[in-house]
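Several structures are given next for inspection.
Okay, so subunit A shows up in both of these, paired with subunit B first and subunit C after.
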Partner chain A sequence: MRLGVQEPTMNVPVSVIRLPHGPDGTSRGFDPTSPRFQALGPATLSSSVPGNAVQLEQEQQGRVVMRERYLRSLSAMAGHPVRFTMYEKVNVTALFEASDIDILNFHVSELQTPLGVQRDALLRCSDIISYTFEL
Partner chain B sequence: MAMRQTPLTCSGHTRPVVDLAFSRITPYGYFVISACKDGKPMLRQGDTGDWIGTFLGHKGAVWGATLNKDATKAATAAADFSAKVWDAVSGDELITLAHKHIVKSVDFTEDNNYLLTAGQDKLLRIYDMNKPEAEPQVVSGHTSGIKKALWSSDEKQILSADDKTVRLWDRNTMTEVKAINVAMSVSSMEYVPEGEILVITYGRTIAFHSAETLEQIKSYDAPATINSASLHPEKECLVAGGEDFKLYKYDYNTGEELESYKGHFGPIHCVRFSPDGELYASGSEDGTLRLWQTTVGKTYGLWKCVIPEEEGAELAKARVGLPGTTDEELEDLGSENSDSIYSSTPEVKA
Partner chain C sequence: MTEWQRKTPLEWQKYVTKEVNVTAAEKHDYKGWVLTVDPVSANIVLVTFLEDGKVSVLVVLGHAVQEVGIVKEADDEMREKLALLFMPGESQSHGQEELEKRKSSLKTWLETNHIPVTEQGELQRTLCVAGMLTIDPPYGPEDCSSFNEIILSRVQGLIQGHFAAQL
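Our next item is the complex of A and B:
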């Protein structure tokens, strides 16, 4: 809602009941308790196709291995200098400290920026294209 | 006392919003999907802007997004060289269609059986949704990257636009029927089935062509470069937005500028009217989607008409024409909103 400068003539902005709800930041949404989901919901999921159970199981196993490997890579990174390649041609180096549980943000320290060294910073993961570090 | 437009800002995207599409009206209301360079297209309730969910899976900027008419399926076109089809109720990715270059445009047929895709590889592809692994039908002919491709004329034809041409194809023979050259790079294209009208924008021009013959019906010029325009379902007015960050509303018959609004903090990339024409949505470089009322001051969605106590009903009616409203609409202020279209269950909280 934009409350601009009020003109001398009585230009009253239209009232709103509330602002639109934004993303809740913790999930991808599609609330399973919503009336629409209840009515049209999970029967359309492709994973409910039988006959692929073995293949699905194998795929899940593969995912488990990769996930565990990735999580271990994150803890191995702690305290190490990491080079981040980000959008808008940003390349920065910092010491990796921690990630949040959804891998949405990385806490880093001693972030080298063109403005100087930032003691602590939060990098938005969606802005990161890639990162490298040495074990 | 005049009413001033209060746009509703939908945040959540972290990069420019480059495309948006509405569904038709469904028993659960209507919906809007927004394509964003952050690679995460979002689904929102169309009349309130409330976030419903984010489609996660693309690995690059999403350039195009569409919904099928009852908003049960979504399709997206992305810079990761793929188009994806999603379950728009659960948010799950259903199909990934690999392409050889950036995909820019996706469009479902009415029966959901086919998906049309187009992009930088200059080819139109038609995928059978019942056999997605099968090779698509490919239509070639464009000499530069295709920006938009749409089904038209009961899906017997396809309309497509690249940098400098707009072409009409016959779906059965897969050959070009007609092509026109456009003076400047086409920035957007909208197909209006009722009346077979094609809305094309290029440079500062908003042009209306016949979707059957591609001949120009009329065109209007805006004060700045226009990136997108949309025609009201009742064809009374049109809205357009572009590089000067402003939204313009024009009378479709006369071309007279009716209203203009500042609000976005960056160029506007896409504008679309809702299926009931009560609001229009704009997507911008500033990463937001904004909802604007067609009739400013009307009670609808989250907007509420509040007539102050001091002014009696007579004074309200005596107001000299507000921009964009007629006397009949003034009397409508405060009347019931459009809840009757939807079920009476409370809105889902994000």
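Our next item is the complex of A and C:
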């Protein structure tokens, strides 16, 4: 059983026969030839300076730092009440659960809507103007 | 695609650790310190330190950003506060010796579990699993980075198990 790997009380080492494959053209990831990468549009991932190795390295370095900080801010938000300001003057509150890697959808729970509380919901990020939470 | 979304990472980086005013869709205005700009979605993370010690975080989605104006630069204290926010375990200090011990014990543990591990970086401080995942000091589950979330969660589970076994 796969879940056995994560059991904290494991005494006998579990042999991992193979690790999952990395990103390629058909799976998730940032392979520049993948359909997913192309669909995201060049502006989100392209380099400003194609062909200049030094500047590309610098740009990648900056990208890594900024992305890590953003991902850490998302994991800090998990389980906290978050207020979402959406288009057409809609304001809702919900507990943040998770996001997909492209930041296109947020999974939230206990979403307070004018029609009642929705236990689980997906919010499209394209409908959101801003969100805020306190720590 | 707005002008803000079309910017490059180096251009976004100019706003990081600056105090800014952001004008967003539907006449919303926000002010705060820029913690980061997500290079994938162009979302801006604004931080405000409240008087009661709490931290208020406001994120403006990249597609809704209309204008960003820099108000002022951060001083050293503010820069440090922003750098430490959300970062795991950096505040607690581990001695060089203890880090070395943690690293070798984790390496042995991973190898016992038939996971290929190498050391990399200038000082060989970073552990690298199968060329796909890195573990930085102090080698906890929170210190793993990988672009493959499946490998990430499996190795984090293993490290969790390693610490549980030690207690």
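FYI, the second predicted complex is superposed on the first by the 83 of 135 C-alpha atoms of A that agree within 3 Å, B and C clash if a C-alpha of one lies under 4 Å from a C-alpha of the other, contacts with A are read in each partner's own complex, and residues count from 1 in each chain.
As a working rule, a residue touches a chain if its C-beta (ideal position, glycine included) is under 8 Å from a C-beta of that chain, and two chains touch if they have at least 3 such contacts.
What you are looking at is a predicted structure, and each value in this text was computed from that prediction instead of being measured.
Enquirer: See if subunit A has more residues touched by subunit B or by subunit C, and give me that chain.
Expert: C
Enquirer: Of the two partner chains, subunit B (first) and subunit C (second), which one does A:A76 touch, if any: first, second, both, or neither?
Expert: The second partner, subunit C, only.
Enquirer: Considering only the touch criterion stated at the top, classify A:S126 as touching first (subunit B), second (subunit C), both, or neither.
Expert: Both partners.
Enquirer: Taking the stated contact definition, name every residue in subunit A that is touched by subunit B in one complex and by subunit C in the other, in rising order.
Expert: The answer is residues 9-11, 13-16, 19-20, 22-23, 29-30, 40-41, 44-47, 87, 126 of subunit A.
Enquirer: Considering the complex alone, what residue numbers of subunit C touch subunit A?
Expert: Listed in rising order, the residues are 1, 5-6, 8-13, 16, 24-26, 28, 30, 35-43, 45, 50, 54-61, 63-64, 86-88, 112-115, 130, 132, 145, 147-151, 153-154, 157-158, 160-161, 164-165.
Enquirer: Using the touch definition from the top, list the residues of subunit A that touch subunit C in their complex.
Expert: Residue list for subunit A touching subunit C: 5-11, 13-16, 19-20, 22-23, 29-30, 40-41, 43-48, 55, 58-59, 62-63, 65-70, 72-73, 75-77, 85, 87, 89, 101-103, 125-126, 128-135.
Enquirer: Can you list the residues on subunit A that touch subunit B in the complex?
Expert: The contact residues of subunit A facing subunit B are 1-2, 9-24, 28-37, 39-42, 44-47, 87, 124, 126-127.
Enquirer: Under the definition above, what is the set of subunit B residues touching subunit A in their complex?
Expert: Where subunit B meets subunit A, its residues are 1-12, 14-15, 28, 38-40, 42-44, 48-56, 72, 87, 89-92, 94, 263, 291, 293, 296-297, 302-306, 343, 345, 348-350.
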